[in-house]
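First the structure, then my questions, so here it is.
Order of writing sets the labels: A, B, C and D. Residues in every chain begin at 1.
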Amino acid sequence: MTSRPAKLRYGMAGGGEGAFIGAVHRIAAAMDGDWELVCGAFSSDGDRNRRSADSLRIGAGRAYASVEAMLAGENQLPPDERMEAVVIVTPNHLHKPTAVAALDAGFHVLSEKPMALDLTEALEIEAAVVRTNRLYGLAFTYSGYPMVAEARARIASGELGRIRLVEVAYIQGWLSEAIDADGHKQADWRTDPARAGLGGCLGDIGTHAFQLAEHISGLTVEAVSADLNIHVPGRRLDDDVSALLRLQGGATGVLRASQVATGVENDLTIRIFGDRGGMEWHQMEPNSLIVRWPDRPFEIVRTGGAGVGPSSTARQRVPAGHPEGYLEAFANLYRRFAQTVRSGGTTPPPIDTPEWFPGIADGIRTMTFVQAAVANHRSTEKWTQLAEVEQRARQQLAERDTQRRAP
Amino acid sequence: MTSRPAKLRYGMAGGGEGAFIGAVHRIAAAMDGDWELVCGAFSSDGDRNRRSADSLRIGAGRAYASVEAMLAGENQLPPDERMEAVVIVTPNHLHKPTAVAALDAGFHVLSEKPMALDLTEALEIEAAVVRTNRLYGLAFTYSGYPMVAEARARIASGELGRIRLVEVAYIQGWLSEAIDADGHKQADWRTDPARAGLGGCLGDIGTHAFQLAEHISGLTVEAVSADLNIHVPGRRLDDDVSALLRLQGGATGVLRASQVATGVENDLTIRIFGDRGGMEWHQMEPNSLIVRWPDRPFEIVRTGGAGVGPSSTARQRVPAGHPEGYLEAFANLYRRFAQTVRSGGTTPPPIDTPEWFPGIADGIRTMTFVQAAVANHRSTEKWTQLAEVEQRARQQLAERDTQRRAP
Amino acid sequence: MTSRPAKLRYGMAGGGEGAFIGAVHRIAAAMDGDWELVCGAFSSDGDRNRRSADSLRIGAGRAYASVEAMLAGENQLPPDERMEAVVIVTPNHLHKPTAVAALDAGFHVLSEKPMALDLTEALEIEAAVVRTNRLYGLAFTYSGYPMVAEARARIASGELGRIRLVEVAYIQGWLSEAIDADGHKQADWRTDPARAGLGGCLGDIGTHAFQLAEHISGLTVEAVSADLNIHVPGRRLDDDVSALLRLQGGATGVLRASQVATGVENDLTIRIFGDRGGMEWHQMEPNSLIVRWPDRPFEIVRTGGAGVGPSSTARQRVPAGHPEGYLEAFANLYRRFAQTVRSGGTTPPPIDTPEWFPGIADGIRTMTFVQAAVANHRSTEKWTQLAEVEQRARQQLAERDTQRRAP
Amino acid sequence: MTSRPAKLRYGMAGGGEGAFIGAVHRIAAAMDGDWELVCGAFSSDGDRNRRSADSLRIGAGRAYASVEAMLAGENQLPPDERMEAVVIVTPNHLHKPTAVAALDAGFHVLSEKPMALDLTEALEIEAAVVRTNRLYGLAFTYSGYPMVAEARARIASGELGRIRLVEVAYIQGWLSEAIDADGHKQADWRTDPARAGLGGCLGDIGTHAFQLAEHISGLTVEAVSADLNIHVPGRRLDDDVSALLRLQGGATGVLRASQVATGVENDLTIRIFGDRGGMEWHQMEPNSLIVRWPDRPFEIVRTGGAGVGPSSTARQRVPAGHPEGYLEAFANLYRRFAQTVRSGGTTPPPIDTPEWFPGIADGIRTMTFVQAAVANHRSTEKWTQLAEVEQRARQQLAERDTQRRAP
């Protein structure tokens, strides 16, 4: 541990009530203690914007009515109070104008994907980045997984030999019904060409699949042959994508993306084969990287496990075997504890409420078990009763306390 | 979103440099923005304590040399600055004295497990909680998983009928070699009876298994028949536990815990069977709950998926299919972005360094793909070259800019 | 391939209509063409015995009313017609008398497990084997799996170092309801002490688990601490077993067996850990052997895959990746073809009947696809219509035939 | 069980020494006792042909030098001795001439796939079938799996609603090196256009994938856009196939086939999605059919399990949980027993030879365990020694025998 610089102050564009990805960004920003939310233009709806700010402990003075107001207002604050970066979590059509304006106002930008509505807009952002010399980051989240970094590093080192095949598929089922026609907040703008851009499923998750394919393989896709389909009647943008790929150096491949794979949650899978081995990664089991060989048993490389390199360990927070959801499970205890204190409670809520967390009772039970197990192990009797162990300990403690209190 | 109370201010006992679980607690506390670390007695080693505080942005004035000093010092601060809770992440033998002192000094306590060295100490903590009316929480992390809550709720509702069998196993392999004899920081105190308590593996992870068994089944273990073994020569506490269980109402079961299952990371599994169905949960795939029936196909209930109840959804932050490590992957991007800004960078570090994160280049590539795929889909040509699409877009943009700049 | 000796002629004791395991034995005997069923005493019920013999193409003269009659009758036939071995697939209480009588009459014996009602009976069979110098085999089927043989061989070679832990569990759910009280043929005798023997679940599947534990580990179990339970009211023999084990050389372990794990099919799992590595095998995914190491990624060793030894390959019939059910799937086509011929059919039955198998139509379709794919690949057009390809081929063939027939 | 017709007599074209698929056909034919191999033209190499026949117990008189000789020779035998069907397991280029000749000679035909070198040849076979009114079957083995039949039946019943997506992939890695250039028997002809036909990987396994896609979905593929690649330098036929599919009724899909996916054994996977649900089947875990729903947990339908229909149960031989390789494991015991008898052995071969099978010793051990477990369960002592139990039983038996022998 070494001395740490101050937290990075950020403002948020979008991410108000009812938004999904804004909350995810805030949790991710909070996790390592390196970012601090200081302002926002959370919603174009004034009431929603204020309620959102309030719930995020942002004072009224820094809950701005628009991105423009936020950029101007923050630039009038002293440099050491002023936000330093803008996080963009709006629908796609606002990505470019917000990014360019923020960059031009002197702020760094971290943006949701896809980068913009189309390639021209993306190039305009690129021009703004060059012009302003600010930092621009893009939320291709899956490249943040330790095993994705591990896969890339191994392929870059030549472990698989010359790459021949790249198969990537990102399938979901949540748009298999016409929920966009029913005003579903997430679905509504994603299927509207004016707000989503050129591609529907293609832009929303096809871009993730594509980025991962190029990122892990280290190869550029040179040509594409694509079939974009709309399977839900009335929808205006593709909800299913199949594409043949030709990559640098003669590799070939397939990219699949679908949001109408009924019943599938979020299945992102990539397989890459070279002339000396193959690799496979599944986002739904993200801490395993399957590595195959022509001449020996295949291996499961694990986050934090034996044989992983620095790119992977730099993305890991907890030991092998713990990572999947472990921090969130832990955070659940913390959240409940804080809520209970704030609401004046001094014992955990009842065990069958959603607010319960473990406390004294769980501690006593487990220590009773430990003591009973040790006692039983030392005896030749087959069974030891836990109730007797607890009762005996309580008696001994009571006797000891009595003795202590005795004159 | 509704207005949120102030963050809960906490001090940390233990958790200095080189500690594993202290960092986990801090991340969990930060995740939802409800806790704020304000002070600590991180280490009995003065230098280490100061360095730890510094790295955590705790000023020298609140980096205390001992828990006693922290309790006294904080109580002299105004109530709205003073810490409100103590988080205990020390070795086991300090759990009880720290908890009792903190409670008696008027603070809430959130403690690592096992609760104490033995049952008597646990009862002493219980007495202090009763005496002080403060909140006490215990880090039985696994009960924070959504699917653990779901399992308990379903069993409580009678879904499995009368419970007959409970099988729980928590196995690890990290102590399969005598690393405790070599001064390994984590292993050292865990195998020392004076600092670990009555049980070795039994206290360290057997307690997790036991707590989960009682928690999910809703049944009390009444009797135990146990076999505690030391498999690594020279070790002083059990490193492997097998126990037969008899539970309330005639259910029977087995508890396994091991830290010498060579090569296993952290495999916590529980299976419970009633006369109408069965359930199975694996910590290594925590977002699936397997539910079996005598007369229809078995089901996989998923975090955030169809059919889950309020206890589970209250513990979930992201949609179905995303939870496993997704937030950490996201946080990795945030961490790198902040680091780059703080070190004065304005572009992502090189792609093959551990510090890389996605930026402009990734955005341009993915938008090129989107545009190429759409163009190809609309043509009868089989292949579309990405490089041509990008070049064309760059040319068009250059021409447009030229026209704009023309007088 | 070398010249093969004549088939081994066998008679069957038990295994008539409605029996499950008798049919399994006959399929296993037929599979490699080394056995030939020549006679039987299939049932003590005369009608059932005759019907069973008839369905198995055994003439009336060799469908014996009792085992005694079979032994006597066969011994009056010329040696080159006479059966050579008796396969015993009766309920448990008949294992010993049948085996001893068959051995004493000069026949080899292959018997279902458990060997006998109790240890004394087992020793009586042993004495008969010694006395008669005949071959006696016991159907511990799971030791016939390639990966079980592989596991044993690797452990014997010292690959895992000194063995410390053995965990074996065989759980089923089919007796979770009181079907034995309802006259279920399989359940009825298995829960009757007079016909099943000392143990219920213990004898029926606990013996499999035990045999596998000793067989794979190569270690003798020295002591047991057991808990046998009856979970279904009214049942007379244990339906659930938990046992602590102490093995040779200081290894410890646990054995679980249950027939009341509601909803579980047939889950036999074994895990063995030594001081240098660990292994895991699951009967429900029998062609994978998981091998774990302290210092490198874990491996999946596969039947027929790289790195397997001679004990395993000697038990393998098809290449890696095919074995699971592949031969049965193949046999399904054969069975349907033969049935169709025998019932006078000259085309496969309709596709949505259970009797369907692939024929001409499937061939034409797939060759159309091949031809269309090749044609499309050679063209710059994006799509090729299969119907046009088929139509064109039919026309060309018709024209060719016309030309040929032309004078 | 009902009276069974006589076995179907067959001759084999191809399948001599060193061939893989011929042996598979013979096992599949033997399994249910419905077929009998009576003759063959196993190889065009006379010596190999004779050795093969000898090893299959076919007399010299019916080991024919050519298919033509076999057809002619058999037709001179009395009808009740003569073969009734020809099984074709030659390389692809002989499929058509053999099938047409056999049909024209009056025999039924069961042929390996692909049906022929190209579509024209396939149509010629079709014409011969029509002309001769004989039965023709094609070894699309995967359609013989119970869960494939179940999937088709469920989709046909409308369970998934209107089908939208079909994804099928059959990948292998065995041709990832240039083993065809080294004279590998299986690889050699498969990569030779003259003997393999139009497609390499496309014909060999792409046809399986295609047949399965149409068979399970019940939909006709109408158009294809294909990319066939050769990844191993010098190879003459495609070793990797990617194809976009358009199916009847607006469904779309992708077909992948590869033989250069380094390290992959035999991974055939199909996923089909309709507007009401989705299904997924993996050949490497063939007894599970995954069924997904938009509004409830997904289900695992199992061979022989609850909820399966008649098409599936008609293809099943053993109870749920047993099928994968179980019959082969059983057959391994049978094979070893027969070999031991034929080689004059009266005890199982030593346990660490590949020829070992379980016998008396295994029986005694397991009965000792049963007796010890029961004894321990009835006692309050924690441990029971197995050696003492065995010794006591041996003593008692010895005493009993002594008493019996006493005058």
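FYI, contacts are C-beta pairs under 8 Å (C-beta built on N, C-alpha and C of every residue); 3 or more make two chains touch, one makes a residue touch a chain.
The shown structure was predicted, so the numbers you read here are calculated from the model rather than taken from an experiment.
Among the remaining chains, those touching chain A as well as chain D are B, C.
Counting C-beta pairs in contact across C-D and across B-D shows that the higher total falls to C-D. Annotation: 44 Å between the Cα-based centres of chain B and chain C. Rounded to whole angstrom, the centroid-to-centroid distance between chain B and chain D, based on C-alpha atoms, equals 46 Å. Remark: chain C and chain D have CA centroids separated by 15 Å (rounded to whole angstrom). Within chain B, contacts with two or more other chains are made by residues 225, 227, 246, 264, 293-294, 298, 302, 305, 382.
In the complex of the two chains, the chain A residues touching chain D come out as 160, 164-165, 167, 169, 173, 176-177, 225, 227, 229, 231-232, 240, 242, 244, 246, 250, 252-254, 256, 258, 260-264, 271, 273-278, 292-294, 298, 379-382. Within the complex formed with chain A, the residues of chain C that make contact are 225, 291, 293-302, 305-307, 382.
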